[in-house]
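When the chains are written out, they are named A, B, C and D in that same order, and each has its own residue count from 1.
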């Protein structure tokens, strides 16, 4: 029996760019594949949107195992962007999502500025795609493998190229890495480059040493830290970016486990949120969190999710 | 009854710069005050060194409460460097530590490059001080409040000024912030500036929103994230710095709770470790972890702590 | 000297809306003085809650069948207190204590009024016994929002000359606040000292009344604590010292028991501008 | 369809060095097929361990006094399995299941050899019953490092024509590995299929033997899993497809049961260079 959102008097719908969405709660890229598996547990058309696993131009095997390590209130992952490549993705995964009537945000990743553009090109005029999330936490092979998201210039180039090659009606979200000295600075750079919104945050770079072998546990040595452990960093990033950019749409994420966690992100400035790692713990998480947010807003006698967005920035009464 | 280290065949002593220390396990600055309170639970002369709360030139009241928030497997703090000022510190705290025969690493903090130098000057030729840890995670009032540790130039200036003003026989440790794009780059800069060693890492900048008020929970809005939650980030930082600087002495810290956690840091490249937040959970932690490391080395039939330091960088056999 | 003790739960009784937990505590009872507290760990190393929770010591027994034990009174309202409320007999529980400066006792056998708000009554019964030993007359006032939140009425009656009860909703005793009845109790008993433990607002009001009557008050404050042993500086509040200078004092080691007239109640949660070392520039 | 079920522990029995946990599971038994597994949460929202642990379903009961229940066999050796081993009757336990592709069963009534290493025996008993229903002869081989790590000998005997036991230390059955006796069992029983569950090294050896004898093997692999439901891509291993192309397949949804001759055993833990989409440049 799938879990459906409970009836509630709270208006959870949001105006997401030019789209009306039933809920501000999305999946997180890489934590929901392309929606099909989760649809056994929840009705994926009942959540705000399905953010798909970052897809690249070519099929990718990803990294060798071990690809993950558990950490206190979190996990480290180094999947290496395993995926079918954009053509297969459109033909199979996107087709399935469309036939289901799901709202899809396609996450894309590339090894070069050009590759990002090519993928965006392929997604032109494909129905069902309500947004493109640009995962710039990838090493730029043309720049000593420096991660795009950590360099304002490379980040800018990527967004330019995606924007140029995709249809103007589809909003572009730049997904930012917290592993930078000044995330608000990067945020401004990508928005100036044409990003319509921001996804905040990607994982933190971390390492776990296997004390049996005294070597890094992941085959890729370092990996991305996610889960409740990183929530305070994610909330801080959303807050800082909202301070710097009062109007830009933000999809907040990072360790969201409960409706109360989600509320922290909305108050900090998120217009929508993604639930990632906690889906592994609870496949129904997106719908459960939707219900929990409704209950909390009810207790606080708010009417709509819009009543709490940015609340932390308003002056204390 | 204080907890003393168990007898063990393992040689846990380290050559720390020009000093021989009985254990590679230290307290962490701000998590042990000036040793006196902890000495009720453990004999502070039995651990490697007491790293004292960062002291400034003048007495400081610190911030208003709330100063802390609990987070998943961690905590957020915004104390605001409450302290007696360097003169009182030397007269009372350091005097007590010396009379006890403790090995002390004095952590210092300043609002300006000049202030760091003045504090270092005051510590010249004061006995019992085996090292100075320079907490550069402070806003530089002369540079738009930009944190010294986040800017290679300011960091360099601070280390210069401390080095210039302190006696050459006392090693200087620069304590680095993980909130930077490239921590190895900062590490190289401060070592070139004369730092004899590095302390890695300070807290991550984070925020918790109180969902009752929908406002930041800490009076200072943001605070420092610490505890097991951040351990994978800390291990990664130590590993990256060891890769970049094969010889520099590193004091590793960040979420160390058990002997197994400590082993991760030693393998990643730490020559010594500091235990911070987990002391709040277990006042005997420093000694317990010492014992646990001994047991683990025994099981692995190592003879000395030096056998595992840097192990993760050696080629897999 | 405080100790770290890995103990077990001997008993967990629900009384009103509270849970009275008895835990083995080795030598803590020998070290105990009225007003001390214990810091309790929430779960083992698998727990995501790494900070201890502070609880006043309600009773101690230094040579029961289980050796030394301590009793605490838990009011469940969050993850830590909920966890403790659900503990069962023989469950492990890790305690650090006894912690904090105890109540200071009068040198002479003067009358004392003890005011407890809700679970704030917990530390007052061992205090009453200590005062009785010094031949001090003890009058009790217990207050709460409603009757099920009153704690220790029978004991309070047994240990006192008079017991006055107030509840906000009048569900038991007199309807109102403890401070509505405090002046009369002070006058009738000729009290020289008022001891109070409960919500900060209550402590503020009590110390005001005491000052008005020209008598001393000892208030047991409740500040959020990360370590409980004096090393973290999270539990501070502005207190005026002997020298008239206000300092941010740690309630875990300099308190939790402070002279009411020394605490700058209206400025708790701030750093008064005249505080020693108050920020000028570049605070962080 | 798998479900998320907040259940309770009905029973937890220690057997040898294992713990057999019976948990309420609502409708999972109805959905169950031999070879499925469940993903079990380690503690509640207070727990710092957020990833579920995977366990083969050992038994199911779809209409007991507690409604549907599932049994799992837990070998404690780390925080998660230790936690489960300590669960008591009526403790809450959260399950997701049934998960994974079940064993594929032969169309015809051919003889089958079932090989279980340690707790790897757990999924083989429901399989044996299913095979018996199809009139397949079943021969069992159980192996372990030593006798207390053998699981389900009595059941194995009851459900099979022959049972052969091996232990590394000879503490019970024949001293040695399951593959020392497998060839003879295959020959004697004229087996057409070998089913195996246990350590990866054992599975590799078993599938080699099966291939040598020109028969099929079904191996149930054990890869570290973060989600168990197919969304995270942590549990992959290189498997050759119908089209002869090697892909990194998810053991949680494409497995855990694979044809032994299709798994590139010696390259598990690597990405073979000829794998579909294998890295050329810029992998991360």
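Quick note on the criterion: a contact is a pair of C-beta atoms (placed from the backbone, for glycine too) under 8 Å apart; a residue touches a chain by one contact, two chains touch by 3 or more.
Fair warning: this is a prediction, and the values are worked out from it, not measured in the lab.
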Inset, instruction - Would you pick out the chains that touch chain A and also touch chain C? - result: B, D
Legend entry - Chain pair showing more contacts of the two, A-D and B-D: A-D
Inset, instruction - Give the label of the chain whose average Cα location is farthest from that of chain C. - result: D
Inset, instruction - Quick one: report the Å distance separating chain A from chain D, using the average Cα coordinate of each chain. - result: 34
Legend entry - Centre-of-Cα separation between chain D and chain C, whole angstrom: 55
Legend entry - Centre distance in Å when chain B and chain D are each reduced to the mean of their C-alpha atoms: 47
Inset, instruction - Would you pick out the residues of chain B that each touch at least 2 other chains? - result: 72-74, 227-228, 257
Legend entry - Interface hub residues of chain D, defined as touching at least two other chains: 48-49
Inset, instruction - Examine which chains touch each other and state the graph shape they make (line, ring, star, complete, other). - result: complete
Inset, instruction - Using the touch rule from the top, collect the residues of chain A that touch chain C in their complex. - result: 72-73, 228
Legend entry - Touch list for chain B against partner chain C, complex: 1, 3, 30-33, 37-38, 40-41, 53, 58-68, 70, 72-75, 77, 79-83, 85, 111-112, 138-139, 141, 145, 219-220, 227-228, 257-258, 277-284
Legend entry - Touching residues (chain side chain C, partner chain B) in the complex: 1-4, 41, 45, 48-52, 96, 223-224, 226-237, 247-248, 253, 268-271, 275-279, 281-284
Legend entry - chain D residues touching chain B - in the complex, by the definition given at the top: 48
Legend entry - Contact footprint of chain A on chain B as seen in their complex: 69, 71-74, 76, 150, 179-182, 204-209, 211, 213-216, 221-223, 225, 227-233, 235-236, 239, 255, 257, 260, 263-264, 267-268, 296, 308, 311-312, 316
